[in-house]
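Shared between the two complexes below is chain A, which pairs with chain B and chain C, respectively.
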Partner chain A sequence: MEVVKLYWNLHYGNKGQVFSLDAVIAIFLVMVVLISAFFMVNKENEENYELLQQFNLASDLFTVLDVNGKLDSLNKNSIKTSVENILPKNFDYSFRLECENKIIESNRSVSSTLVKGERIVVTNNLDLCIVRYGVWPK
Partner chain B sequence: MAKIKGMFLTLGFFIVVMIFLGFALIISNSFKTSRERVSDYIVFEKVKVLDESTQEGFRNIFDSVSGITIVKGSTVSFTEELPNSNDVHFKNNLTNYNGFINSSYNININTSLSENLALWIRPHDIKYYHVDFGDDIIRVQPRTLNFNKYKVDIITDKVLDGTSCSGISSGKLDVTAKGAGGTSCSSSSIARFRLYDNADVLLVYVNVSNDVLTIDSEIKINVTTNIVSLNDLGKEVDIKTDDTGLIINFSEYGFFKKSAIRVV
Partner chain C sequence: MLPMLSKKGQVQSLDLFISATVFIILLITLILVWDNFSKRLDTKLAYEDLSEKAIKITDLLVETRGVPDKWEDDADKVNVIGLVSNDRVLSNNKIEEFIDMEYDDVKELFNIEAYDFYFRIIDSNGAIIQVDDNDVELGNKPGLSSKFVITIQRIVLNGGSEVVLEFTLWE
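Coming up: the complex of A and B.
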């Protein structure tokens, strides 16, 4: 027993081991906290970037359609085809075109989308409309 | 000694707990700030899209109804009939458009734009306008002379002859006129110009005084006003309305914007 005590240098108690163990646990805990923090911050940023991406994608999509006169027909199927030709396949969409005398709506309601955009549209026949839209991942 | 060690241990735990709390606070704040920034960005972008689309709509109305064709480059050209018979149609469409936007958003298009339909060549600060849109006078008024000369091209259905073009004094004005049956005449480097038909009836009067160009037509003509060889001011040439063309007021987000509308 004396030999073992001497071997472990426990003549003055086991303070060194406790402090070492304490340091290792502390480092471990700090690492856990740091990793969790980075993970959570990244996750939050990812969600935000997704929202921004969806918003920008939808805005760009309907700007392109408007500027190229693809909304001028005021025809639901024609607009849907134009949207589907541009929008990446892994995204779904909805829109509602509210004109003075006519409302055109895609199958899904715009209110179900998380981030909505809207723009004013004047067609080549000078119909005045507001298009509300949104896109989201399928 | 044992008491001191215990105190150090307690202090150690306290510091570790504080670090945890600190991290938790940082993460919590980061969440909040990040979400707020994203919301702010989306609101900014929404207003920007509405601003741009309102201007795009104005351009569509202008292109369809104003009867004015604009070509821009180092020389800027405005072509229209004088007097411009589209005045009432344009004014009505602009008023209707403003009412439509107003019914949904706090966005106002200054409908008084259509009174003289002033168009500014920026950044050169040259104003092309009508004394009264629909009337028979066009003026071009530069703040400074930052172009080479004016060139006015007139097309009329009257017959012209060898004495139709009458240019007076020397100046920075060139005029060409085309009449019925392939008749034409021209004058260059003048300051004042009169166009007569073959029966000596005055058709058009063009004058440059203090660098201001005035075109006054007695009959219906097609006129192209060229502002030739604009100085290179290092910026792209834009044609815009007055600076009060568009007013956006989203007080709920603290936005207020008064700006010109880019026409070309």
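Coming up: the complex of A and C.
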């Protein structure tokens, strides 16, 4: 019996531990690969499309305001009212209109928004301005 | 020596059994997870294709006059459909011709034969606008069984008023 026990310990004890470690590492690696793949595939696929939608919305909004002459007044409240009349209610916005002698800015800074664009505007008084804008979902 | 050999054999069988069980469990898990991933990936690719097409089509509609420039004079010879006379300013003549076109012809021009679409222009109250006493809408609305549906909204001007051009692409 002693001989058997000795034989057992000597030949299988260490050997078993080596295999276990090997298996643990293998399972760990498989899990890492699976979890990484899961996050890659699960990553929100609407993200890019949503951002593009927001960009188009902002671009349409300020193009329409420019073409309709709603930016010509260079009046912050008037422009804000026009924006709020057109922009869907579930979106918020910011803009900064920089003209040669005047700067109009909405309450929130454009630089803090994720989706932003700019457009050169010539008012009916021939003021050359740049409007920088951004929209985001509320 | 014989009893020792016998016990050695039993241990090896147990070891083999455990490892085979673990291997089979892992293999089944891997197959199930792989199948799930591949379905998600297919969905993602289909959705991206649909989104890309819908966005490009609406870009063409609201930012270009179409090809040829005055395609509304002879709609049979249109190569690219555009609905504006200037950037984001709708042309009623182009809209009129567009909503009179055959649904399948429009799908072919948009290169979306594999999908269906629904197009409409609504005012700020959500009502479909009219041009020449006709509702500005074309195509088939998606149903509850539609697999993928994507709607793109663009703000445009029609006769000095802001309206929303809505294009829904679905499968």
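Throughout what follows, the second predicted complex is superposed on the first by the 94 of 138 C-alpha atoms of A that agree within 3 Å, B and C clash if a C-alpha of one lies under 4 Å from a C-alpha of the other, contacts with A are read in each partner's own complex, and residues count from 1 in each chain.
What we mean here is this: a contact is a pair of C-beta atoms (placed from the backbone, for glycine too) under 8 Å apart; a residue touches a chain by one contact, two chains touch by 3 or more.
Quick caveat: nothing in here was measured; it's all calculated off a predicted structure.
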**Asked** Touching A:F55, do we find chain B (first), chain C (second), both, or neither?
**Response** first
**Request:** Check the residue A:I86 against both partner chains and state whether it touches chain B (first), chain C (second), both, or neither.
**Result:** second
**Request:** Identify the partner contact of A:V67: answer first if only chain B is touched, second if only chain C is, both if each is, neither if none is.
**Result:** both
**Item:** Touched partner set for A:A37, first chain B, second chain C, both or neither
**Value:** both
**Touching partner for A:V24 - first (chain B), second (chain C), both, neither** = neither
**Set intersection of chain A contacts, chain C complex versus chain B complex** = 30, 34, 37, 41, 45, 52, 56, 63, 67
**Asked** Can you name the residues of chain C that touch chain A in the complex?
**Response** 3-4, 7, 11, 15, 19, 22, 26, 30, 33, 37, 40-41, 44, 47-48, 51, 55, 58-59, 62, 86-89, 124, 150, 152-157, 160, 162
**Message:** Give the list of chain B residues in touch with chain A in this complex.
**Reply:** 12, 16, 19-20, 23, 26-27, 30-31, 34-35, 37-38, 41-42, 45-46, 49-50, 52-54, 56-58, 60-61, 64-65, 93, 96-97, 100-101, 104
**Message:** Help me check something: in the complex, which residues belonging to chain A touch chain C?
**Reply:** 3-4, 7-8, 12, 19, 23, 27, 30, 34, 37-38, 41-42, 45-46, 49, 52-53, 56-57, 60-61, 63-64, 67-68, 85-86, 88
**Asked** Taking the complex as given, what residues does chain A use to touch chain B?
**Response** 22, 26, 29-30, 33-34, 37, 40-41, 44-45, 48, 51-52, 55-56, 59, 63, 66-67, 100, 115, 117-124, 126, 128, 130
